[in-house]
Each structure stands twice: as C-alpha cells, then as structure tokens.
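We just call them A, B, C and D in the order they show up, numbering each chain from 1.
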Amino acid sequence: MNKRLKAGLIGLGRIGNIHLQNLSRHPDVEKISICAPSAKRESYPRFQLYRTYQELIQKENPDILFICSPTPTHYEIIAECCQLGIDVFCEKPIDLDLGRIQELKKYIDESGIILQVGFNRRFDPDFSSLKNSLEEKALGKIYQITITSRDPGFPSLDYIASSGGMFMDMTIHDFDMCRFLTGSEISEIYTKGQIRINQELTKYNDIDTATTILTFQNEITTTIINSRDAIYGYDQRIEVFGSKGLITVDNHRINNISIADYDGKKANRPVSFFLERYALSYIAEVDEFIKTILRRGKPSVSIDDALKATEIAVYANQSLALKKVIKL
Amino acid sequence: MNKRLKAGLIGLGRIGNIHLQNLSRHPDVEKISICAPSAKRESYPRFQLYRTYQELIQKENPDILFICSPTPTHYEIIAECCQLGIDVFCEKPIDLDLGRIQELKKYIDESGIILQVGFNRRFDPDFSSLKNSLEEKALGKIYQITITSRDPGFPSLDYIASSGGMFMDMTIHDFDMCRFLTGSEISEIYTKGQIRINQELTKYNDIDTATTILTFQNEITTTIINSRDAIYGYDQRIEVFGSKGLITVDNHRINNISIADYDGKKANRPVSFFLERYALSYIAEVDEFIKTILRRGKPSVSIDDALKATEIAVYANQSLALKKVIKL
Amino acid sequence: MNKRLKAGLIGLGRIGNIHLQNLSRHPDVEKISICAPSAKRESYPRFQLYRTYQELIQKENPDILFICSPTPTHYEIIAECCQLGIDVFCEKPIDLDLGRIQELKKYIDESGIILQVGFNRRFDPDFSSLKNSLEEKALGKIYQITITSRDPGFPSLDYIASSGGMFMDMTIHDFDMCRFLTGSEISEIYTKGQIRINQELTKYNDIDTATTILTFQNEITTTIINSRDAIYGYDQRIEVFGSKGLITVDNHRINNISIADYDGKKANRPVSFFLERYALSYIAEVDEFIKTILRRGKPSVSIDDALKATEIAVYANQSLALKKVIKL
Amino acid sequence: MNKRLKAGLIGLGRIGNIHLQNLSRHPDVEKISICAPSAKRESYPRFQLYRTYQELIQKENPDILFICSPTPTHYEIIAECCQLGIDVFCEKPIDLDLGRIQELKKYIDESGIILQVGFNRRFDPDFSSLKNSLEEKALGKIYQITITSRDPGFPSLDYIASSGGMFMDMTIHDFDMCRFLTGSEISEIYTKGQIRINQELTKYNDIDTATTILTFQNEITTTIINSRDAIYGYDQRIEVFGSKGLITVDNHRINNISIADYDGKKANRPVSFFLERYALSYIAEVDEFIKTILRRGKPSVSIDDALKATEIAVYANQSLALKKVIKL
C-alpha cells in the first residue's frame, strides 16, 4: 500500500483554493498544511495555517509543496525545496525571467527533486483525448493547428501590471499547448499584437489582441488567435487539420438547453471562467503529480516545459517589438 | 431519343405555379398549356391559356395533365382523363371522400392511365435518403418513428373551412410518410386532438393540435406530433430508432450563420414556408412522373397510396370523435 | 450556526454509494453510519458498518436516514422511522403497491417526519432550468411536451423480474417529470407498449418499448417515447412547445470533440450511464433535503409525488392490459 | 419595360456553363451566343456557336460579354470590348500581371464601359448577410476575422502550372473577402507558405498550405488559413470577432441527416465542390451585373477590386519569397 503524503500549500488565491479542495479529497494525501499570510483561521478550521513558508516547512516537514503564491516568490521557494529535497508542484509562470528559470533547472537537476509545472490544460479531458488521437495517427500527417483562445473579460489593470504581459500571462498556455500537440519545438514565430480594446495598456507596454503564427521544426504551422475580452464567453477552441481529416475541440456550454423562437434557435453561452472550464484538468494534474511522486517517475510537465514555453513568450515579445518574423 | 410530351396544367395557385416552373425547365416537355379561369394572360405570355379544362383538352390534346385545381374538381377531371386516356399528376388530396377515391381507382385500373399523386415529401432528398438508409438496413430492425410536423403559421379560417380538417389537410402528409418509411399498413391508431390555439375552430369542427400514435402491421410504432402554428418556423423533423441506432432528419435553416453574444449563440430559424422547404421535392416528383410516363411504368405514388393515407385520416377522425383507440 | 446532522445510510448498491459520496462531502453532515449486510468492512474504513438497520438506529440514533435498500424493504423501514421520528430520504419507487404507499402517507402525516423521495431528475440543472423558464412564461402558453427517454442497455432479466415492470421502474421518472413540468395532474392516458427487443420478457409480463400520451387537466399533452435499449447511448431529451417557441433539452455528450473526414463529421455519443448523466442531480437533491431538514420545511418531492407517479404507472399498466385509453 | 439584352459568352468550361445556365433563365436576356472553339454543336442545340470571339462580336453585336476563357486571353478581349463599347463580365483573375490590369483599368475608364469582376463569393447569401450585419454594427467594433478556406481535392498539376500560384488562384478570393468585410485596404501582410502535401509543387514554385495574417488600415487583423486538399470536404468558414460578439459562417452540409450509433453522432460532410457551395452566388452576381447594365450604374465589383486583390497576392508572394513581413 502507498505511503500517504504530507502536503504543504503556499498561497490561497483562486488557484490555491482549487488545489486545496482537490488535495483534500485525494486518498494518498494524509495531511495538508497551508501557508497564507493573510487568510482567516476560521475559514480553514480543518487545516494548520502558517504565516511564512519557512515555518510551514520547518514544523511540518512536508513531502510535497504546492506553490500558488505570486510569481516573484517562486524562485526562492523552489531553490529552498531543492536544498531540502522537497518535491514541488509550481503554478505557471515559474518566473518571468528566462535566466532565473535556467538556474532553477540546474538546481532541480542537481537536487533530484521532482518538479511539475501547472500547465493544467494538457490534462483537460478534451485536449488530452485530442493528443491521444494525434498520437494514434487519427489525422495522418498533421498540417495546421488553429487555437482560438479568448478570455471572457478584461482583467484589472493591477493584474495586468504584474502579469508579465499578455504573451507571458495568457498565451503561454497556448504556446505550451502547441508544443504538446505538435510534439516539436518552434523554428519560427511571427506575432501581430495590438491594443484594440483598452488604450490604457500603452502605459503598461502591453497588448490585448494578438494573432501569432508559430512554425515548428516538424513543419506543422500553428496559429493562435487571442483576445483579452470576448463578450460571448470564454472561447477555448482547437482545430487540428491533417491528411486524414479535421479534429475540432469546441467550447463547453453552460447547459444543454436551447430555445427556438421567431428570431432563431439560441444555445447558452460557453462557461465563462477558467476554473469552471478547466475544473477536471486541475484534478487530473494533481492526480498525475502524486502518482509521479509515489513512483519517483519523471514529471509529465517539467521545468523544461516551463523554460520552452517562456522562451516562446520571449520570442513573441521580440517579434512584437521588432515587428518582424523571428527565426531560430 | 425520347418523345417530348405535351403537358396541360389546371390551376395556377401556389402549387400550380411551382409545377409550371419545373415543367418549363424539363427537357422532355415540349409544350405547356394552362387552364386557369381567372389568370391574366399578360402574366403568362409564353403559354396558351384556357378558361376551362375541357377546352384545353380538346384544343391541345395533351399527353399529361397536372391537376392543381381545388379538391372538389379532382374527381370529374380524373374521370374524364380515364375516358380519354390522358395520364395524370394530381395534387393531394385526391378527394375528401373515400368512396369517390375508390371509384376513381376503378376507373384508373380499367383505363390503364398512369396517375401519380402529389405526396411530394417522399421525393425530398433528406427523406428519400432516409428511406434508402432504412432499406439498406442501416438501422437494423426498426422500432419507433417520431415525426414532429408543425406549420409555421395559422391558416385563414376560409382555408380551414374547405380543408377537410387538420388530419385530411395537413397530417395526411405525415400519414403517407409513415407508410413510406415503415413499408407497412396500419393496424391501430389513437389520436389525441385538441383546440389549443384558436377557439374559433369549434365552428368548423376542426382542431389545431394533435398527437397521434399509429401502430403498423410490422409492429413499428410511429408518433406524429402536429400543430397548426409554430412561431419558431416550419418544423419538419423525423427520427427513426432501430436496433443499430437513430437517424435524425433535422430542419433546414435559412442560412449557415450564427451569432454569439453574452446571451448565447443564436442560429437562424428554419425556412418557414413549405414551397421553400420542399422545393427540391417538387422538382424530383415531376422528374419521376415524366420518367414513368415515358417508359409506361408503375407510378411510384399511386391512387392506392392516396386511398390508404385518406383511410388513415378517416380513422384518425374516428379516434378523435370517439376518443378511443381504433383497431383495424 | 447549523446543527450538524448524524446520517444513516441503508444499502450500498450503485445509488447508495452515490449518496455516501455526496453525504461525505456535505458540510452539515457530522457522521455517517452504514447498514449493508454484505459489505466488506475494509472497503469502508472510515465508516461504522452495521448488518441490520435496527442496530444502526439503536446504536447511532441518526437524525436522518437514507433508504437505498431493495424496494420491498422500504415500507417497514419508513414505518419504523415514523414511529421513531427519524427524517427519511427514500429512493424511488417507495413501493410497488399503491395501498401501501397510501398507508405510509398516513403514518408520515401523523408522525410529522420529513420524507423526500428520490426523483432526482427534478434537480438536474438542465431540467430545473427548463422548469424555471416555463414558470417565467418563456414559452407563453404550453401546448405539447415530448420526452424521449431510452436506456443505454438492456437490464438483466433478474433485474427485470423484481423491477415492477418498465412503467414502474423506468417510465416513472418520466411520469414524475411530466407532472413537474406541467404543474398539473393527468386526466387521460393511453400507452402503446410492445416487446420488440427481447421476447423473454413475455415470461415476466413486461415490455421493452412504449409510447405513451398523457393529457393533463390543464390541457397540456405530453408524449413519452421509451425504449430499454438504445445502442447510441443514454437518450434523455425533452422538448416543450408553447405559443412563444420551443425549448429543447439535449443529451450530454462524453466530450466536446468532433472529427471530420470523408464520411462526415462525427461527435461523440452521449454519456451512457444514469449515474454520470445525472451526477449533479444527486448532489442537488441531497443538498435540498438537508436544507429542508435544517429549517423543518416541506420536502420539495414528497410522498404525494411518489403516490401520484405510481398511480400514473398503474393506469399505464391498465391501458397496456386493456389496450384502451384510460380516462380519470 | 426593360430593354432585353443580347449576351455573348466566351468559354464553356465549368464556370462558362454555370453562367450559360443562369443567363438562359434570366428574364432580361433575349439571346445568348457562345464562343467555344471545341464545343460540340449538338450539345448546345439552342445556341449559336462561334469558334472565335471576334466572329461572335461581329455577327451578333452583343450588348454584354461574359469572359470565361483562360486567363491569358482576358487582356485582349477586354481591350477590344473597350474599343467597341461592349460591357463585360470577366471571370477572375483578370490577369496575372499587375501592370496589364492597370492598363485595362485605364482603357475601361476612358471607354466608359461597365466591367464587373467574378468575385462571386461577395454574392453568397451567407457572406452578404454577414456583410450587412457588420454594416449594421451588429458586432460593434471589429477586431479579428478568421477565414478557413480549404479546397476539397488537389488540383491537377496541369492546372497548377497555369494557375499563377496558390495565392493568385485560390487565396485571391479570400483576399477579396477580407477587403469586402473590413471595408479597408491592407497595411501589412505576412504569409507562411509551405509544401506539405505534394512535393512536386517545387517544380512549379508553388505551395499547397499557407497561413496569412493581413492587417488593414482600420486596424482589423484577418487570418487566412489555406490548404489545397481537405479530405473532409470543401471548407469555407468565416468568423468575425468584435466588441459585441462573434459571427460564424459555417459550411453547408450535403443534407440535414445525421445518424447516431455506438460510435457517436455523424452528420454528412460539407458539399464538396465550389459550383455547388456557391451556386446561389453565381445567380446573384449575374442578376446584379444585368441590373447595373440596365441602369448604367457603377459595378459592385470593379476592375479596382481586381487590382487590389491582385496586389495583395503579389505582396503575399513577396512575403513568401523573402520570408518577411511586408509593410506598405
């Protein structure tokens, strides 16, 4: 029978709470301790709450640590886990700076800890089923992938300010999805980014609308169509075109009801929040992480994946700044 | 090479005009003469116009006659065609009286003329494709058929007055479709008819809403769901359920456009007029009729089909009046 | 703050396990004890297991009891709960005999206990949203309801033998749904039932295929189309037609992926098991029950609802036996 | 009453035959003469056939001329029509050389003849309805347009050889559609073109797969996704995204039938031939042309539109050759 794990969780924002809920129900997790500087103890009566992650580590000696705190804190915590030999699940982005991610990669490799990155969409049942189909050659030779990825509402400017920009914050999921689906690395990137929705973004040197063409070493071209604000709901679609046909992953609607009247037939809009759209993926990625820990395997989404996706985001920003195609 | 046919057309209502248009384009039709007591000559400059059908027949000696005049005139014209040996395409219903249809059947059989009845829906590409699939056993053993058949707007009370009632006027198409798809004759019928929309129908001893269960000799049960007035458009759907699966024939929408906004995703409504929904069927039934004439074959929709569908309508009216299941 | 409840659960079949899982996560449930004569203790390490319900009640003194044992046991357990003042959630059917349900109703009324019946479909998000739309008059005056309800696989003959027959076992959910959606009681019923799939049912005096027309006192007609075995998956659709339009509740597909190739565009089949299709309804009905208990309210699905749905099943069996319309 | 027109038609390929059929049914066309060097007279018994266009013009003195002959012949015929004052409907592309189109533009302007270019897709009911919606601001401010345009089968290498390349032959329709929908001119273009399907294209300096991003002066970005060979049928979809929502134009399926079995629910594939998909557009563009002729109006699709679309194709080829973004 499996050893049951002691888990630490750092950060109780939206994503921290999701992981807390999924860890609580996991049969291989024995105890969960939380580090959340400002959380109310009475809101989390069943858990031990700490104010610093150091204290949590010292007192609880956790087997695994979930890092859901703000991006700037990731580096230090991961580095410490490497020293102490604690396995880590870290939310994306690991860091906004490529060099620092490379350093972490070195520490991780040297320490032998397992670190999994929170690219949860790979674990979405639809997308992982798509990936399986592609591996089984259901589409033959793959030619083109189109990702339409639009957020359901404009984020706050505060959020924007510390986000690292649209490519690093939002499109990074799509970059990872392209690597995941093509099974290859990019050879070329061009991005056309614009401010079309909110002119205040000029202050933040950010954009809200972008179309990006990535070419991969295996010749597959992928197009990513992004917007920060789609009034019709969270738009998360993928189309893969190959010699044998086309696979489409469509949005998830709120329900299966439609109403027909003189104006036509109306179906409800897509679920409009990422925690709802991707709820099953958060469960699946934690299950996968814990399985990997228990059998000391290789993480399915590693620091290398974080590094590669971040590199693409850096190139995208270069293409945007130079208004040129970037060739690697 | 084929003999080219001389056609006569009686009646220039909606359906008469459709047949005129389709005959005009038919390569095997040499000449078309029209009988229409009140049509303006200048509206039909390319055709010879007569005021009585007798005059048309006498002067033009047509090979084939299309009868699109009001139902009460059908009997006399068909009887005369039997005497003169003129082949006939007659719009449904042949007559509202079963006995008179039986007499006509006798005349037709004795005369050897070909008579095809205008159950056009059998020639709709979707429904004839469905029929082919069933004959090829795509569904294995057929269990249940569901026809949803709702008109897109309430007819005028004048129309109602001379229509023969909802079963004889509207549902008769669905009765014929059930016979066509099951390839069998009914053994039992129950209908629940109601006035739900327009109470004035009480004056006409008619109904506007009905649900009918027909059981066929081969044990297939078919359900027909009717309404005289569907605000959301002309609803003409069929589902066939069998041991191997379910075939669905859906409505034809006005176009392939949809718009998504905060309220959901809206597709346009179905085409809302029978001449538009069934346009291709009117072409196909005339093609079929002319082919049958040229090779002196058996008509694909004969006086027997008219008789059987009318019989079902009579039983439906009995079931409605007696509020009972009618067993045959 | 709420009192937290002690719950007893009788029976660990499919549905018993579902309730166990949902009760375990409920914040207002303090402790769960189980009565399951043959369950292995090691499979349920976190729960106290009893072999008889009497022992469970005596030792644990539960506030609420979930009855998920076979139908014949319901009467006795409910009667005892009435004597002891224990509130009850009982799976459907309460009993196969109308007289015994009437007796239980008397006991319940006299005792003042709260009893909720497991007509879970009322709590399905799609169907409860449909009900809300109808109450808000989204469809104006309602004319016709069509329920297509087909099971995804033929049950075992053992199951059939003790099921009470298709109407009592399967259609009873649809009968309840018709009452729920129309907000009225039936005035007339006709059912056409057949054995089309498995001739062995003759031994059990049961059927596998049925079409039923119910007319309600408020003149709405509802059609229920049933089959025990749909190869294409669990088919659970409802259409409501009214003066302002048509609302359709469609099936839930396994995922949102489709593949297009030369043969067409293929979407995955509906989820094929009731526990999966109705998973959210089981959570919602337990939430509702516990809320009702805590505020001592009226149960949203009461013994009266069980009585009425069972009555319809009895009339359906009469209509089937007599091959007649039954008028009330 | 309108003057009825004498029409000449040059070329009896696929598109020439379509125009012949639509002209034959047009009430404002009195006579049609044809120039087709190799057509069999017996195939066109109702028309006067000429072997050279000069002879047709001389003998018939047509009011309007439809040019459906190979692209290299267009220049000379149009130039002659300018001299003789004959109005012209010319199939796309007018010419593969920008300079020659500019010359023709000068001749046309000087002569005062009306010339309409065969960008038929503007007249497709779906796309023209989309255009109307955009003009009525149904989407508010437009941000992004995505055109997926894939042909249903690889053309012959002979066809490729004289086609002018994929951008000039196939994508030119999409370029025109982008101008039509945005109502603006391009400011920037990047195209990623590849040979993925048929390596023989290297001999022809052509490609079979491309993704193109066009930015327009009004800041709308449009993405065009092309392939020469989609096994799943002719894929012609457009999505327009704006501040108020998303409009989708979907493919036209062969019929409205679907079949559900254990493997899922399968709808038929899109119609797989441009003459079928765009049949209504060919009728509408001829109607529009004849209306324009009769009232001596401005052509809705002029030589300027041909010029602009051809310019975009030239820039696309530049971007492809230089592997760079082209800024105007």
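Rule of thumb we're sticking to: a contact is a pair of C-beta atoms (placed from the backbone, for glycine too) under 8 Å apart; a residue touches a chain by one contact, two chains touch by 3 or more.
Quantities reported herein were computed from a predicted structural model and do not represent experimental measurements.
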item: Copy pair chain C, chain D: interface residue numbering same or different (half cut); value: same
item: More contacts between chains, A-B or B-C; value: B-C
item: Centroid-based (C-alpha) most distant chain relative to chain B; value: A
item: Between chain B and chain D, centroid-to-centroid distance (C-alpha), Å; value: 40
item: Whole-Å separation of chain centres (CA-atom averages), chain A against chain B; value: 59
item: Centre-of-Cα separation between chain C and chain B, whole angstrom; value: 43
item: Residue numbers of chain B (touch at least two other chains); value: 231-232, 244-246, 260-262
item: Interfacial residue positions of chain A with respect to chain C in the complex; value: 25, 125-126, 129-130, 133, 138, 244-252, 255-262
item: Chain C partner contacts - residues on chain B that touch it in the complex; value: 141, 143-144, 146, 148, 150, 188, 190, 192, 194, 196-197, 209, 211, 213, 215, 219, 221, 223, 225, 227, 230-232, 235, 239, 241, 243-246, 323-325, 327
item: Complex contact set, residues of chain A against chain B; value: 231-233, 253, 260-269
